[in-house]
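Structures are listed in the sections that come next.
Both complexes below contain subunit A, partnered by subunit B and then by subunit C.
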Partner chain A sequence: MTAQQNAPDLRPLGVDGVLVRFARTLTQEANARALSFRDMVLEAGVKGVTEVASSLVSVRIGFDPELTNRHTVTQTIQALIAEHKTPDPKPKRLWRIPAAFGPDHAPQLEEAAALAGLTPAQAVAEIEAATTHVIAIGFAPGQPYLGMLPGHWDIPRQTSLTESLPRGALITAVRQLIIWAADAPTGWRHIGQTAFRVYLPETSQPFAFTPGDAVQFVAVSDAEFKDIKQNPDSNGGATCEVLR
Partner chain B sequence: MAEAAFTVAFAGPLVTLQDAGRPGHMRFGVPQSGAMDRLAFDAANAALGNKSGQTGIEISLGGLVLQCTHGAATVAIAGGDFTVQLGTQKTRSWTILTVQKGERLSITAGKVGSWAYLAFAGRITAPEWLGSQATHATSGFGGGALQSGQTIILSDTAVREDRLGDIPKPDFQTSRPIRVVTGPQDQHFAKETVTQFLTDSFAVSDAFDRMGMRLKGPELPLAGALSIPSEPIVRGSVQVSGDGVPTVLLADHQTTGGYPKIATVISPDIDRLVQHRAGQSVRFADITSAQAVAEARSYAQQKAAYLAEVSVARGTLAQRLMRENLSHGCAFD
Partner chain C sequence: MTAQLTIHNAGPGLTVQDLGRPGWKAQGLSTGGAADPLALLEAAALLGTPPGQAAIEMMGFGGTFSVNQAVRFALTGAVMQADINGEPISPNATHVLPAGAKLTIRGAKQGVFGYLSLAGGIATPPIMGSRATHLTAGIGKPLQPGDTLPLGADADRMRAPMKLPVADRFAGGTIRIMSGPQTDFFAPETLAAFTQTTFTRSPRGNRQGVRLDYDGNGFSTRDGLNHVSDLIVPGDIQMTGDGVPYVLLCECQTIGGYPRIGSVIPSDLPKIAQAAPGTSLQFQFLTVEEADATAISQAATLRQLTRLCQPMIRAPHDIADLLRYQLISGATPGDDLERP
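After this line comes the complex of A and B, so read on.
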């Protein structure tokens, strides 16, 4: 940690947890700090800590109140924060994932593009051009938060929720994309469709992504997408290249 | 070892296998899951002398009807005030019965409560996911939701004559407002909005499942917080969506969420909150984080003492009669 960086904010979250918040807004740097701090706490093996869960810019450290207490856990966290250094942000893996953006697969593309000040074609081109990173896994099993898109993609969530979306839906809000894994309501906008499964229960590595992975999207036609969907072994036609 | 088989004659929606859940997987997007009302679930297992957290069936207001097609097993039913029928014998939840081959056990919504638990003297054969049979309802992973027509196989079953009868209900839960600790994103609400959340009355809406309970009541405006970074969610987080509607996140909660969380329901009060039904009113009251820890400790102690009491077998009818006689001393004079 350098002197310029603000010390993270510590707050209770549940009677058995401490939330360590590195920033109030999402930045690549705050995200890298949160992810590496999560790994640091996991590796430290703190007594009584039962759960270390990171999201975009914060980490929740859950503990067993019978084995430890908030005061002791907070002191340990503060000591770890003092030693914490931001790691190398270069991705270890690069995913390329086909996505369809035709009208049947992207009901809110036009709306989201307009909010970003773009035509739908420009929006798709920008998504294809972006190299996003898995900045968190959360909400549903294996579901990635991918960021960050250019600044004009800072689109707020919807005020009301979309009740349900197909799995593999590509959705967006706040300069991020998500490949949707859940059968649940969301306030993000549906702008494309992949056939990618983020969670593969039948494999030894059931969670496809690791935080830090780089992800690019490749636009395919509706006809190509249909073929991809019909090949269940390809996981949506995605490739994964090991970079380092 | 004895075995038993039950055919599911009818299962309503949200009737699932549950155990103590799978903690430690939040960073993969996987919540703990497990029983919605952990006190009632633990009581059902304790009343049979089962190991804590042994897999049982969580029954929703949709109800469950089982037909025993093979063997026999003693079962415990706890939680809410559900109607229980075994053959022609009608009773209510918080009871222990033995179901024999050919008998039909039905557990349906009674007057009060949203969830009941059916524990077996025996082990349910069901798939595990990440080391637990708890069903994560949104993905369907784990032991799974029960479907009409399905057969449940039990191993190591037992008939426990010494445990039949009523299960004492817990009496240490309060009826006061549901206690919360404000935050961790209450800064996104005007002070008056937080006060309104803590003083006004809300009603449970129909949107109530294992993931969460959406409330009806005054709108809680977000002061423009539709673009904050998604942060971790816990069981009990009260998240307010963009339309100003609060939702209490429950056993199968999403692990992260970007709408601001105005407060967190303290863990001891979640068991009684989830037993509310659609239309019932709910009020919230805030306590400090230190008070919440003290309340959680005290609840854990009272719960442990209660479960210890419930887990003592009362003896067979013959033994109980004998004990009555002995305690009166002169019964044979």
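After this line comes the complex of A and C, so read on.
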């Protein structure tokens, strides 16, 4: 820990959990601290701790109230925080994933681009140019939160929920992209479509991404996208390159 | 012959459920399992079976079932009228379903989620350590008429019939909540208004969560909607953009961006899951210490429920077909009581 003002917040999250929150807003630094702190707690093997999960800027330490209690867990967490150092967050893997941005595949591209102060063509160019990182996995199984887009992409969620989106939808809000895995409502805007499945429950490795992975999107025409979809074995035409 | 259950008719919300898949939150998979896990523990207490067995969850509507080998079973959770070949049976009690007989379970009269638990359990192949259907995660799917399910062996077939007095958890009322990491995103007057509001369980709800309707202004945070997405636990009360609360249930997302005003304690969450549309609900904050004191493991809950089970002694008014029984046999001279 470098400075006292960076001390994380410890808050209850359920009767069997403590949330360690490193920041109230998303930064690369806060994300890297959260991901590495999760690893540290897992490695520490704390008695009575049943589950350690990270999100964008926080880590939840779940415990069994019959084996330990909030006070004991909190003291252990505070000792770990005092020793915690943020590692260098170089990605281990780079994914390249085809995405279609034609009107049939991107019903809210124009609206989202306008909120970011861009034309739809500029928006697609910026998404293609960005190397995003898996900053969290969640909401639905294997679903990646990808960040960070440039500052003008800090557009809010919709005030109402979109009831349903196709799997593989590329959606955006608050400088992030998500490849949609869920059959669930969302307030994020639908700006493109991939044929990538982030979660393959029938396989021995059900989850494609690991936090920290780098991800780039490659714009393809509607015709190319149709071909990609017709080859179910290609997992959406995605490639994964091991960097280190 | 392998024991199996056949589904002849099925409402739209029938799924196989157990106590779910804990431990995958980091990969984005919520625990899932029964929307009212207490109902599965009640069935385990009645039948004397392990708590992790899989049962059939019925959301709102029931179904018609038969088995090819006699099996003990119990109906718990939502109150659903049921009969075996037309003879009514009571909920929260053990019964035997004879081979070939038709068990008919009707729509919920009170509550939302009813459970049909068969001794031996549903024996479908586990996926990631559980048999629970998780619809949003694409694990399993709703049961359909014509489906058959394998059943495990009943380890305690001669166990005496039992019944269990069950506290009403279908009437809504005051729900206890605790503060969470985002409670202070809301102004004190918004928190006060929240606890003074009487909500109505909306018709919109499922295993992911239920929406709450109310009159008046929305419950918004002080700084709008640009909160960083953060970890969720079942019971969290999430405010969507227009300030409408949803209480998240067992099959909820693991991370979300809408602010959460607090979290229903696990002991009271079955009351939310079982609140039928139109049920009134109010919320009361506990301190963290008070909330933590309510934490109880499923194993401890099962031990408590097992102690509450009573042998089922059939009283004449519980026997629907009383007149079919031969209650008096033979003849007497008529002066038996007067003779010395």
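The criterion applied here is as follows: the second predicted complex is superposed on the first by the 242 of 244 C-alpha atoms of A that agree within 3 Å, B and C clash if a C-alpha of one lies under 4 Å from a C-alpha of the other, contacts with A are read in each partner's own complex, and residues count from 1 in each chain.
Keep this in mind: contacts are C-beta pairs under 8 Å (C-beta built on N, C-alpha and C of every residue); 3 or more make two chains touch, one makes a residue touch a chain.
None of the values given here were measured: they were computed from a predicted structure.
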{"item": "Combined model on subunit A where subunit B meets subunit C, clash or fit", "value": "clash"}
{"item": "First, second, both or neither for A:Arg60, with subunit B first and subunit C second", "value": "both"}
{"item": "Subunit B versus subunit C as contact partner of A:Gln158, first or second or both or neither", "value": "both"}
{"item": "First (subunit B), second (subunit C), both or neither touched by A:Ser204", "value": "neither"}
{"item": "First, second, both or neither for A:Gln230, with subunit B first and subunit C second", "value": "neither"}
{"item": "Shared contact residues on subunit A - subunit B and subunit C", "value": "11-17, 19, 21, 23-26, 38, 50-58, 60, 62, 65-66, 69-70, 136-143, 145, 154, 156-161, 173-174, 181-184, 187, 199, 201, 207"}
{"item": "Contact footprint of subunit A on subunit C as seen in their complex", "value": "22-29, 127-128, 135-139, 178-181, 208, 224-226, 228-231, 233, 235, 240-242, 253-258, 263, 265-266, 288, 291-292, 294-295, 297, 300"}
{"item": "Complex contacts: residues of subunit A adjacent to subunit C", "value": "9, 11-17, 19, 21, 23-26, 38, 50-58, 60, 62, 64-66, 69-70, 136-143, 145, 154, 156-161, 173-174, 181-184, 187, 199, 201, 206-207"}
{"item": "Of subunit A, residues touching subunit B in the complex", "value": "11-17, 19, 21, 23-26, 38, 50-60, 62, 65-66, 69-70, 136-143, 145, 154, 156-161, 173-174, 181-184, 187, 199, 201, 207"}
{"item": "Touch list for subunit B against partner subunit A, complex", "value": "23-24, 26-30, 129, 136, 138-139, 141, 181, 183-184, 211, 226-232, 234-237, 241-243, 254-259, 264, 266-267, 289, 292-293, 295-297, 300"}
